[in-house]
Structures are given as structure tokens and as C-alpha cells.
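Two complexes are shown next, each including chain A; its partner changes from chain B in the first to chain C in the second.
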Partner chain A sequence: MAELAVPLLVMLVAAGLVVLATVTAVLDAALNEPLPHTGGAGSSASTRWAGALRLPLVQTVRLLRRRRRTTIAADSLLWRVGVAGLPVVALLMAALVPIGPRVVADSTVGIVWFNALDVAVWAVVWMAGWGPNSAFPLVGGYRFLAQALAYELPLMFALTAPAVAAGSLRLTDVVAAQHGLWFVVWMPAAFAVFCLAVAGFSVWGPLGHPAGADIAGGVLAELSGVDRLLMLAGRYALLTAGAAIGVTLFLGGGAGPVLPSWLWVPVKTVLLVAGLLLLRRVLPTLRADRFVEVGWLILLPVTLVQVLVVSVVVVGTGGS
Partner chain B sequence: MGLTSWINRTATGGARVLLVEVPGSAHTRIAAEQAVRALGWRPALSPADADVLLVCGQPGDAMRMAVERLWAQLPGPAAQVGAAQPDQVAGALHRAVTVLLRGDRSAEQDRPPRAYPEPGQHSGGHEMPAPETGHDDDMGSHDMDMPMPGGIGLAEGDQDRDGLEMDVLSLSLGAVLPHWPAGLVLHCVVHGDVIASARPEMLSGANPEAPMDGEDARFRAAWDCDAVSRLLALAGRTPESAGLRRIRDDLLAGDPRGDSLNAVQRWSRHVRRSRLLRWSLRDLGRVSARELVERGLSGEMAGDVHDRLLNRLDGIADFLRSSDGPDAAGRGDDATRALAVVELLPTLVVGLDLGAARLVVASLAPDVAAAQRLESNHG
Partner chain C sequence: MSIGLLGTVVFWMLAVIAVLCGAAVFRVDSMARATYALAVSFIAVGAQVLILGLSYIGVITVLMMIMEMAIMAVYMIMFMGMNPALMPMNMVHGNKAAAVTAAGVFAALATGILLAPWPDRAGVPDPDPTAALGEALIGSKMLVMIVVSAVLLATVVAALVLALPRGRYDRFGDDLRRRPPADPQPGGVGR
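On to the complex of A and B.
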């Protein structure tokens, strides 16, 4: 296996994230956007896909053409940091993902690093809400904190399960430990909670209440031009990077038949993303005030039991 | 040159439209929604993301001021157009396309524009330099002699619902918000995002659409579809919301009863089956039948948001099932009820957070135009 120079690998991972995030945006539009009501049922499916395929390009051009705007007494520094923060966090997450035998950042504490990154999203989204000095974004920012409070602890325990099973916090070890049996098979609860949390820190779909229509787009309400583009792209990038981590932790990473292992990672990521996107069809918006109840009374105990089961299995089989 | 025109064409293809519905112009707004989607465009959630500001109906003075304030918040390129009647929507959107293709920012108005930049001036970059002097907002406690950033006064403290000292913020919901009743403004005092008090105000249209005699029952069913669709959109149920919107359009276009009935029953089953939706909407804005009767309202609005949602769906199905739409209530009665609903709103939203309050308002779907008819008759 030829060794790639690290700078080249970094660029490949970044480019891969951009491409996959674009695919995510296209899939979201194709699967979830309501069709225009034109009558012709036969042409509608192809119209939908044609529109969805053009969507990232059209919206990028549109937003780049629009002027940026600011508000009265805005906290520009925090606002810009918040807006630019989402893509940065997504990129740092993607750097952790082992792609075949290679990985940009093969940290011995990779899982903790991932956890730290998803907590960084708290600050980022809150700053994006606080910055414009406007009521609806502010409400959105605080809604996100309430929502994060609900999903974060269950997520931490969900992350613990693969770490316990692999006996390591290093993501390459977690992938190696899934040889023969993917963790999703015997950690379904942890996997499900993880997926919900990915939607949560991406401020997307059923957990997109901080950017909800009821508060005129919440944290997005005052954004225009390139700022809006960064934040929207950042959300899709986070959804994608989160799915890639999910593939690493629960779906065997690059393991799979026929295709080379570096190709399995993006393929599985797209499949998992498609699954996540379908959440929007199944679930209504989970309002922060009600979701906290679910997070603490249902998800938290479930993940604790999951970790207990995994621990007992690990001890019973004499370590992994 | 080629690149510029490609950029302008591409950007125009994905435009977002902020619809302003003047009360009494529901037909125009619905026609505009259809036309916007037919162009492959989408509704915008906030002025910051809108390329087109489309005013449906003829706004009265207060509404016109709201429109001007909104327009000042649209960064260019942008177009402001108006359609007083449904048949003017296509022309208005066509004029908007022309403006967007040029990359301009222009408003068609019957008054000279004021504080915002003249059309055609597009320099890029910031429109308003933000003062960089310290930042204060409404979530901390401050001394009175601190500077007022941007000329905004500091918030005063008050006890919130849990007896904690919180800063209070005055926040007006409406007149233009996604999925919000036309012409309604709810002047709220909020603690954080919890509403402490609310006072409704109704903005009027200059020239509301004439009431459609003879089509009343059908229009009311379409109105109910619209209300359900908006409530479901706020609750995050996109497929059902789009389904009800389609039924609404069919009802207004002609009357394919059988198809619509099947569709209503199908979506109604979806809604009824969704335990998560029930969990999300239950116990919100609960009102007893007795209280409704005291206010001169019928019992069909009793219960919580979820009950009202199901009642409305049943009402639509009943209308479609009856071969001949019976006109249950006359216009005057409608107006009395509408006014009573508007007056009921503040009592229900106080103590709720904004998200819940939005759901309650959407479940009641007050008809501001009808309520105003009564108010203006009485003086």
C-alpha cells in the first residue's frame, strides 16, 4: 500500500467531504422537498431529480450573488465565528475517519476528540444565534442549547459502547475490532441514539427546531449571501461527517466485499446519510422542550443499558 | 458578459419569495404560492433570504409600513412587486424575474422610497456598518448608565413564570411570518422565549377581496385545508402538509370530490396514526367547550391543538362527502366567531414558549379579514 503524503491526504479528505456534502444536499432535496403541483404525474419524478441535482449549484450561485448583510449592534466577531464554525467542525470530524488503511488524524483518543468536536457545535450555533442581536436567532441559539442538553449525554454513552467493545478510544482500533461482526448488530440502541444525535448537532430535520420556520429560520434568520451559504453547507457537511463517523464506529468502516476499503467508507456514508434523511419523513419536529424529556427519561437509560450489555459481553468473552 | 448573464440566470432560477398576505387576500396569496412553486422557486422564511417580496392584496397604511420595513431588510439583488388580485400574480412574478435577471434591487411602489438605497445601486459588501462598541443584549442585567448600543434601550427585569428575575423583551409576532395568519400582529412581552403577555392587533387591507357568495362552503373547506397544512408545516410534517396544500388547490380550482375525499382520508389516517405527532401537540392551548360557549364560539374548537387538527380534518372530509355543500353559517356569524377567536388568542399563548404558541395560533387559524369586517361595522 503506497503511503500518501499527509498534505495530499488532507486535501483528498476535504474534497471528499465537499463532494459528499453536496450529495447529501441533493438527496435531501430529492427525498424530502414537496413537489410542485403541476398535474403531470409521469414527469414529476424526473423533474424532482433534475431540480434536486441543480439545487447545490443554483443556491451557491444565488447566495454568492447576494449581498451580505448585518444588523444594528451586531456582535460581528461572534457572529462570523459561529457562521464559519460549522464547516470547520465538520472538516475536523472528517479528519478522524479512517479511509482504508489511511487516516489524517489517527489520535489515540479519537472518540473523545469527536465528542469534543460535537460539543464545540454548541458554542458555534449559539454564537451564530447571539451574534446578529436579533430576537429570533437568539431564541434559535438557546433552543439549540436546550436540544443539545437532551441529546449530548445519551450520545456520550452511545460513544462509550464501541470504545468498551474495542478496548480502545482509537478509531482505527474500533474498525479493527469489528472484524467479522459490525458493532451495529449488537449495539443497535447505541447506533440509533448516535444517528439521532447526528441530526441534532447538524440542526437538521426533526432536530432542526433551532432553525425552524416558526421563528423565521431561527439561527439562519438574519443570514444572507456567503454567510448563509457557509452555514447551510456546514449543516450538510456536519450531517455527512457525522455519518462517516457512524460508519467507522458501527458499520465496520472500510470492511466490505469486492470494492476496495477506501471506497467502502464513502459508499456506506452515503447510504447512512440517505437513512438519516428519511428520518425527516418519519418524525415530526422534536421541539426542544419536549425532546429533553425523551432524551433524559428514555434515551439516557437505554444507552446505559446498552453499555452495560456490551460491558458484560466483553467481560464474559474475556476481553475483545 | 457571458459569465455575468449565466450567473444572473442561474441565481434567478433558485429565487426565494417572501409572501406578504394582506388580510382578505387569501385567494391571491394561494395563487402566488402556486405560481412560485410552478416556477421552481420556494417561499423564503425571512426577509434576509428573500429575493422577491411579493405583496398579495392592497395593504392599508399600517400594513404598508410593515412592508416597507421588510423591504429595507432584503439585501440585493431583490425585487418588490405587488398583486392585488389572483390574476395579477403571474405578471408580478414576471416583473420580478426581469429585475432579478438584471441583478438590480428595485421596488414598484405608489410612493417614493425613503431610507433604503436607490434601485440599481449594488456595491456588494455591507449595507450598514455595525457599531463595534460593546455588545449588550436582553439576557443579562445591566446598570442604567451603560451605553445604549445602536440606540437600543436596555431591557428591564421582571419575574418569569418560575419566579426568577429575567429581563423582559418586547417582541411582535407578525404581521409577516411563515405560516402566520394574515394581518395579525401579536405584541408580546417575552421572558427568554416564554410569552408573559400578549396583545393582538389587526392590520387591515385597503380593499379586501369581495366575499364569494355561493362558494362559501367550498372556500371554507379550502381555508381549513390551508390551516391544517400550515399547522402541519410548523409541526415539521412536510409530506402531510404538502398533501393538504394540494387538496386545497384542487378545491379552489374545481371540485374533484372523489379524489380529494380519498386524499383527505389518507392524510387524516397518517395524522391520526402518528403517535409522535400526538405527543408533540397534545395539551397545547387546551380550551374547554364551556369557555368557548361563553365566548360565543362553537364547541368544535374545544380541546388541545391535536384535537383541533383532527376536528378540522373531519370537517373537510364531511364537506367533501356531502354531495351539496350546505352553507352552515352566514357571513355575519363568521365575523363574530373570527373576532372571538382573535380575542381568545392572548389567553391561550401566555405561559407558552414561542414554538408552542405558534402551534396554538396555527390551530385556531383566526380569520383576521372577517373579524375586521365586524370591527369596522361597529365603528
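On to the complex of A and C.
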């Protein structure tokens, strides 16, 4: 295929992220949410899927028509930055993903860029919790920081493993290094920790405690209208973009039979997202104060051992 | 490597943003805003470093500063006793002494900059400026750095052990025999 102009590629990646995030939202609703009006044991699978398919559109229209909620003495600036930040971070993450031979931002330090972006979520979620000057969002913001500290260090070491194996921080090099053997095969622990961290920085599923029902939705509690839409959409976009990075780092990127490589990336992304959604089915929401100990005492040593194994293999085979 | 006209313009714009956000730290009346103003200032500096071709150092600066400021906001708010009701608080004190010191330091530094005999550029920049900078900074002192890093890590661990409110001696008693442990807070691992 001919070289795509960069603006066109940017638009395609952005549109692709929106479409895939919508697919994620539909799948999440179909698999995990009790749907209004169609839920309950009596509803058939087809009604459930029909409801789930309509849900993103219905929610979008409903939230766009709803008035924005204001609170007393809110820090509007930080609140807006926090709310709008999630979709922005997700878009910047998607820009790093090599789609076939093309990539929007082919940075020599792509893995570190990804790391910087997922750290930006710390600031964004905390600001979204701080902004409304309301107790439950504030509790959610602090929960997120505690939880983020516990998943971030294991995530950093999980990101180190593919970088060491590829001998490069560039994501296209990481994809090229998986020619023949995907990294997920010999770095399963790093992959598992990465997937958990994706749920973490998406404030979703098993690590959705900062937006938990026990604190009335936490960081989401005071959001309505377009703010709520941005934050909910941003969570699904982050989940999708994180999965796309996971496909790049561990699942061979665009490698695969029959289909062209630019198509394999979204296909694998949807499959990985489906896997994460199933994870939500089997794992309960982990309380932040309990997950912290799991993160520091189990996940961190596991990823360190994983990096050690990868490093020994790389040294033993004389570099990759 | 030359950064070109566009690069120069963006560099100076980032410089202005960095300085303005740095000044905003003392103008805003909220600890949260002050912290994130500082974060934006550092991010602008990180972007400047990126423009200079030091990709890794630039990205790491952005990463570290966001992470650091997100944590620092928690401590600043905690220690300053600020509640989320955004009670306005003054970010400056000792104004006169500070103003005199700042003006004096600025004058001294500016004089130094203007009077120093700056060398002309000799040679061309390295193709990989990050590696060249690392080599120049610690190339001959790598052994020292490695030893110091182990000492630093040991210091951090020792400080944590001393400060930990639920270390093993607190939980298991002085002879480590108390079962089950007296744990003020149950963890997720079930020890």
C-alpha cells in the first residue's frame, strides 16, 4: 500500500480508537452490566445484546442533553483538566501503536513514553477527584493514588522485560523482535501484570475501586452531562489503547496469517479486550488497601524475577 | 543537529510557559493548583530537553515530574492542613527578605552570564546526545555511581524499616513469636 500522509494516519488511528472503544463498551455492557429494562433472568440473550448494542448511543445522547452539575467552591480548572485528561491520554497512547508498518509517533523511547502517559493518569484521576470539592470523589482520588503506586512499579518492570528482550525502547523494534516467538510465550508473568495494570489505569473492573459503588461512584460521583461522558468514554478508550499497547509488546503486533498486518492489530486488540472483560467476570473488585499489599509483596517480586529470567536468556543467547 | 527555526520558536515558547507556571506556584491560592502549576513548569522543561534531542532524558523528566507531583500534592495538602473546600491560602511569606534575596541573586547571575567569556562551539554534536551526556557526566566514575546507588538503596530501605508502623517487630512482637500477629490493618496477602 502507498505511504499514507501523516494527518490521514492520525485521523485513522483516532477514529479506530473511537470505534474500538465503542466495541469495548458494548462488550462490557453485554457481558458484565445488568442492563436497564432488559436485565434479569427472564431476558433472552438477544434482548441483552440488542440493549448492549444500543447502550453507547443511548448513553451518549442522554449525557449530552443533560445539564452539567456544579458543586460549591469547586476547583473547576483542575476538575475539567482531570475529566478531559483520560481521552487525551488514551489518544496519545494509541499514537504509539505500530499498525502494520506505519506508526504515528515512532519514538526511539516509545516504551518510556507509554510509561509517562500511564503516569499522567495519576494526575488526571486525582484532579478529577479533587476538583468537585466533594467527599466521595476525593476519597476515590486518594484511593487511586495508593492503588497506582502499587501497580505502577510492577508495571514498570513488566515493561522492562520486552525492552530487554528486544534490546530497544522503540515499539517497532519490539514488534520486529517477536518475529517467530511472541513475548507472551516466555514472559507470561510480565504480560499478566501488564493486563492488570491496564485495568488499573483505566480505573475499571477489578481495579475500579476508586470509582467503586461503595463510595457512590468515587471519582465519577459528581460528574454529569458531557463531563461524565468524557470520563466514561475515556475509561473505555484507555482500556482499549492499553490493550493495543499490550498487543504490540507481547502479542506480536501485526504478525499473523492471512489477514494484512494493519488488520491484525485491531483484531488482536479486541480479543485482548474480551479477555480483560472476562477477567472482570471472574475477579471481584479488589479493595485498594488490600491490593496495595498484593502489589508490593507479590507482583513486584514476580516481575523482578521475570526480568531476571529474560535478561539471563538474552545474555545466554548472545543478545536477540 | 540543528533544531531549526520552528524548534527555536517552540523552545522559547516552552521557556516562557515554564517560567510563567513557576511564577504561578506563588500566585495561586491553593496547594493543589500550586503543585500542578509546578508540574506543568517541569513538563515544559522536559519538552525543551526533548527538542534538544535528548529523547530519553526528556521523557524521563516528564514521567518523573508527573509522578512526583501527584504524590507531592498529597503531602503538601496533608502538611499544610488545607482542606478541599479551597480555603484560600497565601503561598508566600517573608516577602521583603525574599524579594531582596531574589533580586540580588538575579543580578549576580545575570552579571556572571554577561561577563563570562563563553567558548565558541568546537566540533559537532554527538549523533546520540543522550549517550554522550551520560558518558560526560559519569563515564569515568561508573564504579563510584554503582557503589553509591547500592548505599542509597540500603539507606532508603533502612529508613523505611525504622519508619514502618507495621513492621514485623510491631506485628509479631520483639521475639517474633506472637501468633497471630497484632496487625492494625489487614492486608491482601493474608499474612
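Quick notes on this structure:
As a convention for this text, the second predicted complex is superposed on the first by the 309 of 320 C-alpha atoms of A that agree within 3 Å, B and C clash if a C-alpha of one lies under 4 Å from a C-alpha of the other, contacts with A are read in each partner's own complex, and residues count from 1 in each chain.
One rule holds in what follows: a contact is a pair of C-beta atoms (placed from the backbone, for glycine too) under 8 Å apart; a residue touches a chain by one contact, two chains touch by 3 or more.
Remember, it's a predicted structure, so these values are computed and weren't measured experimentally.
In the superposed pair of complexes, A:120 makes contact with chain C only, with no contact to chain B. Judged by the touch definition given at the top, the superposed model places A:212 against chain B, while chain C stays out of reach. Once chain A of one complex is fitted onto chain A of the other, the partner contacts of A:108 are limited to chain C, with no touch recorded for chain B.
In the superposition on chain A, contact of A:220 is made with chain B only, not with chain C. Residue contacts after overlaying the shared chain place A:62 against chain B, while chain C stays out of touching range.
Once the two complexes are overlaid on the shared chain, A:228 sits against chain B while remaining clear of chain C. Residue contacts after overlaying the shared chain place A:130 against chain B and chain C alike. Of the two partner chains placed by superposition, A:311 touches none, neither chain B nor chain C.
After overlaying the two complexes on the shared chain, residue contacts for A:297 are found with chain C alone; chain B is out of touch. Touching more residues of chain A than its counterpart among chain B and chain C is B. Common to the chain B and chain C contact sets on chain A are residues 73, 75, 130, 133, 138, 142, 286-287, 289-290. Chain contact summary for the complex, chain B toward chain A: residues 7-8, 10-15, 34, 37-38, 40, 45-46, 48-49, 51, 73, 75-77, 103, 122, 124-132, 135-139, 149-152, 169, 171, 177-179, 190, 192-193, 233-239, 241-242, 245-246, 249, 274, 276-277, 279-280, 353-356, 358-359.
Taken in their complex, chain A has these residues touching chain B: 32-38, 51, 54-55, 57-59, 61-62, 65-76, 130, 133, 135-136, 138-139, 142-143, 206, 208-209, 212-217, 220-225, 228, 280-281, 283-290. Listed in rising order, the residues of chain A touching chain C in the complex are 73, 75, 77-78, 81, 107-109, 112-113, 115-116, 119-120, 122-123, 126-127, 130, 133, 138, 142, 145, 148-149, 152, 169, 286-287, 289-294, 297-298. Of all residues in chain C, those touching chain A in their complex are 30, 32-33, 36, 39, 55-56, 59-60, 62-63, 66-67, 69-71, 73-74, 84-86, 185-189.
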